[in-house]
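You will see two complexes here that share subunit A, one where it goes with subunit B and one where it goes with subunit C.
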Partner chain A sequence: MSTTTLSKGQALAFAAPAFIAILPFLAACVYILRFSLSAEQGVIEGFSIRAYQDLMTPFFGRSVWLTLKLAFIATVVVMFMAVPLAFLLTSLRGSFARRLLTVTILLPLILNLLVQAYGWILLLGPSGALNTVLKSLGLIERPLFLLFNETGVLLGLIQTSLPLAVFPIVSAVRGISNEHLEVASSLGASNWRILRDVSLPLLRPALVGAASIVFAFNASAFAIPLLLGGRRVQMMGVAIRDMISPLFNWSGAAAAGMILILLTLFVLVVSAWLVRVTTVKTKG
Partner chain B sequence: MRVGLLPTDRGGSYRFVIVLLAILGILVSALPVVVVTIMSFSAAETSGFPPDSYSLRWYGEVARLFTNEDSSSAQSVVDSMVTSLVVALIVMVVATGVCIPLAYALARGQRRVREGMELLFTLPLVFPLVMLGIAFLLIAESLALELGIWRIVIPHIALVLPFVLRNCLSAMNGISVELEEAAISLGASPMRAIWDVVIPLMKAGILAGLIFALIISFNEFTITFFMYTIDVSTLPIWMYSRTVSSLDPSTLALSVFIIAADVLLIVLVDKLIAGKGNLF
Partner chain C sequence: MSETHLTIEGVSKSFGDVRALSNIDLKVDRGAFVCLLGPSGCGKTTLLRIIAGFEQATSGKLLLDGADITDLAPHKRGFGMVFQSLALFPHMSVAENIAYGLKLRKASRVEQKDRVEELLNVIELPHIADRPVSALSGGQRQRVAIARALAIQPKLFLLDEPLSALDAKLRDNMQIELRRLQQSFGVTTVLVTHDQTEAMMLADELVVLSDGVIQQAAPPSQVYQSPVNPFVADFIGSANILPAVSTSQSTLGLLGVDTGVSVEHAPGSTLQAAVRSEAISLRKVESGGTGIVSFARDLGPVTEWLVQAEGHEIRVRGASSAVSPTVGDQVSLQFDQDRISVFAS
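Right after this comes the complex of A and B.
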């Protein structure tokens, strides 16, 4: 018997600290579920689905619709930029250029969201960089209103979620064997044809996975709509906050949160299923 | 001839479109940060772009913020900065400390268990941040817990676990059991073999995990937005409170320091895990 295989007890002992660390998170999940079923708005008491019934208002419906719409548009735009970026990143030769591009793309995901919101405000504001440039080119006469509406939020969402798509696609692109491309090319296929018939089908699992993560991330965005949308763009994250902060409707916020969680989980599960189905198909 | 996904010689419309979209992506990623950096050197009070003249006055302003105790604001920038750093350091040490043994157990354990565990520890990544913030707030408030700085540390640990575990796991992947067996057959105890053979080999992954935890916690806004109190608040919250009414150029100068620190740390992570794993 090998001495380095862990016994069950040892394995548990090794895993225990991490379990303790993640326990508050699991407790929080359970707590939210329980609170959403509470009969009282401010405390957990009794069981009722009133919190969910109270959400069936046109206001919350609009918020859900807006969330889905913005998350969907942002995901489509992100995918159109992420694939070319992944191609570019994997074809760069110099390590400095590669590192520079990696940092440029990754930074928005990690950097303090306040800093990025400042950047967008300075870029898109009435006297901001974009309006100044457009005006000096004579394209517009009066400044465009890009801030505190859906455009600003959309740009912020695209920027912060782009890295989530680029890096999984990069690792999938690295996995494509060059032979496939060479064969297609030597048989006379054009670049567009290779992209459509060879590269994209090979990348499909990674593309579906990346798109679903980007969608889930954007649907649950909070800071970006809060900072760039003002009061006018009520995505679900912001709407949920408003239930707590001025209204103290905690069970309502918990119920709305459960809907948001189910929504993102649904997207992730469906896409995982899609990936499985499509990979089976390409193999067979 | 090199065929690649980005043809270098005969590109035509394909190459043009791919490069154009990539450049668009780079612009969207980089422009906000670039504009913040440029504006921080502005000499003017207003946020009009481009600035009429350049100066370092806002950097002087930041230096003053850090040296003078500002009695007008409830919480000074120094306090928030210190809290941010303390939180990030605790999060970094605890998260990495618990992930190293777990990664070891998963790498040496059964495949099925490993997959389930990886899924469990990825959950905080897909869980909406707002809901994490609200859930932790509900627990802390309704149980009336007096947690002090741990109000923020505990949720942050949950948030960084997926990143740290992934780095530790990919570091474990390259380490074969034979190395440990060799150490044991030479008379080392199993624990000694882990400590003297496995841990040093995991070093790059562990360091990458530590840095990831540090940057994520230091930059985190959403959860902290729900959990902060007057006594315990972090730098992003301080920046938010400064800019609710209008954009203050001295916070832009402060932002430039944060950007520089983040870039430095990301480059460091990238160097550490270059060629071995992926950032996610």
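Right after this comes the complex of A and C.
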């Protein structure tokens, strides 16, 4: 059954601008793939897998591991924050309160990343607001180091990617029929049981979708790790930039970029597959 | 005699400034099948939702077996609920849907399996346990939703327009099925519907609501034959509501005809009478008739006429016959005395 009133031809015609925007991007991906297989570091010449071989170092391995770890932790934390926020947002009756919360959650998307990062620096830096307060309360003697390490990057990733998760979940929560929840309640389910047995399973596709977006966004993050992690937190985005900018190793950067894309795709495909397998199982 | 199971005492409900229910008093006998009937917006669904615990009454009390359950959370009431949308859990199989309430009651796996099997037999769908609910037909889903509610051996069985989404033929079958299940489980049942035929067919007790007030609560035949006001008379089986007077002999005068029905109202007082279409018979006359037939249609076993009399359009239904009046005929009207309801105007 077609859910749209457009014929396939019409839909294609209307999608043409999108294709025009997407095609150069695909071309760029092909270009990077080609560059990663170049025998030379600075120009495309000949075929070789040397760029990939050169990446097989403990340094790059740590970078991959760090990227996956931080993206994963940030995704888990974001999901735990986004689900309650989505429920809160859908339960708010007053339109003022709802709008206020919506804008608050949206703010990271509206605000320039640089401004947000400097905000974190002002807040978390050695002489920042948090350390000043903790010191004046006598809770700490020396400032806590919350910046230019993994903690700072993690905080930044969580904060910037939260809105990406909240809004898809909100629309899915709105889509859950009240009667499903009421039937469960009449059968004896407490609110917690309803959440566990009905709401979350019904939300599962949206949760997986939201988590995928957040993970991909965080795995490819560049500005936040650079600004809040400095050179000390070498997530792949930062490592790739360093290969280009001081080192002029274009083929190496291209190879690292390909690895990042493939790893992210692999994680998304595996998670989608896991969801499908477990869903089939519950349908028994 | 029968014992009271559910008592509703002075329940009112307001949504902001809108009064949905006013001072509802109702007693439901154990094992009875009660239908809440009324036009949309009459408050019937709100009353059911208050019974289920999904809405809180603004004032008034609910008693179950004499115990106050007004403030009891819905999940602690143990009432089975069926919605019009059915609300089967799409992420569970048929068996998991039916067993869900038992699982919450920590029944063992064996118990759950036995009970699911038993219920699937009762609803005559023994082989669908492992199917996803998306693979079921409309009628099957209906039965599964009922089985899920009955699986917990509910103290009350509550249904909100459960059959409205089905096509006419399936609805007929499901009404019979529902009545059969209700009787075999002996469960006290409250069903909300706007369909008076469905209500007449299912109910032991019919509760007619309008504007948040109970108009009449009685067995269906009594509601049909002795409606307490013109609203009920019209809503249940659409009666002709006609202006009438009390004659000097204290009998009911209707459209200039002395019906011979004695009334208690003082001679000369203006009244209203409700007369069912099948309680009127027509006789073709050459002249001096009460009205003129403006429409006639032969429905097979019966014929329906519209008669224009004294500025009113009167609906008449009777056995078809060769001498039936046809359009344009002058007719005199005769009223079945036992089947006229009289109300003060």
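Methods note: the second predicted complex is superposed on the first by the 244 of 284 C-alpha atoms of A that agree within 3 Å, B and C clash if a C-alpha of one lies under 4 Å from a C-alpha of the other, contacts with A are read in each partner's own complex, and residues count from 1 in each chain.
Following the convention adopted for this analysis, a residue touches a chain if its C-beta (ideal position, glycine included) is under 8 Å from a C-beta of that chain, and two chains touch if they have at least 3 such contacts.
Just so it is clear, the structure is predicted and the values come from calculations on it, not from any experiment.
By the touch criterion defined above, A:190 reaches both subunit B and subunit C.
Of the two partners subunit B and subunit C, it is B that touches the larger number of subunit A residues. Shared-chain residue A:152: touches no atom of subunit B or subunit C.
When both complexes are overlaid on chain A, the residue A:129 reaches subunit B alone and has no touch with subunit C. By the touch criterion defined above, A:182 lies against subunit B and subunit C together after alignment on the C-alpha atoms of chain A. Of the two partner chains placed by the overlay, only subunit C lies in contact with A:202; subunit B stays clear of it. Shared interface residues of subunit A, touching subunit B in one complex and subunit C in the other, are 182, 185, 190. Residue ranges on subunit A touching subunit C, taken from their complex, read 177, 179-180, 182-190, 193, 197-198, 201-202, 204, 279, 282-284. On subunit B, the positions that touch subunit A within their shared complex are 3-8, 11-15, 17-22, 24-26, 28-36, 39, 46-50, 94-95, 97-99, 101-102, 104-106, 108-109, 113, 117, 120-121, 123-124, 126-139, 142, 154-155, 157-158, 161, 165, 177, 180-181, 184, 190, 193, 215-216, 218-219, 221-222, 225, 235-236, 239-240, 243, 247, 251-252, 255, 258-259, 262-263, 266-267, 270, 278-280. Subunit C contributes residues 52-54, 73-81, 83, 85, 87, 89-93, 95-96, 100-101, 104-105, 130, 132, 148-149, 152, 158 to its touches with subunit A in the complex.
On the side of subunit A, the complex with subunit B involves touching residues 2-6, 10-11, 13-15, 17-18, 20-22, 24-25, 27-29, 31-32, 35, 43-44, 80-85, 87-88, 90-91, 99, 101-108, 110-116, 118-123, 125, 127-129, 132, 155, 158-159, 162-164, 166-168, 170-171, 173, 176, 178, 181-182, 185, 190-192, 195, 199, 213, 216, 219-220, 222-223, 237, 240-241, 244, 250, 253-254, 257, 260-261, 264-265, 268.
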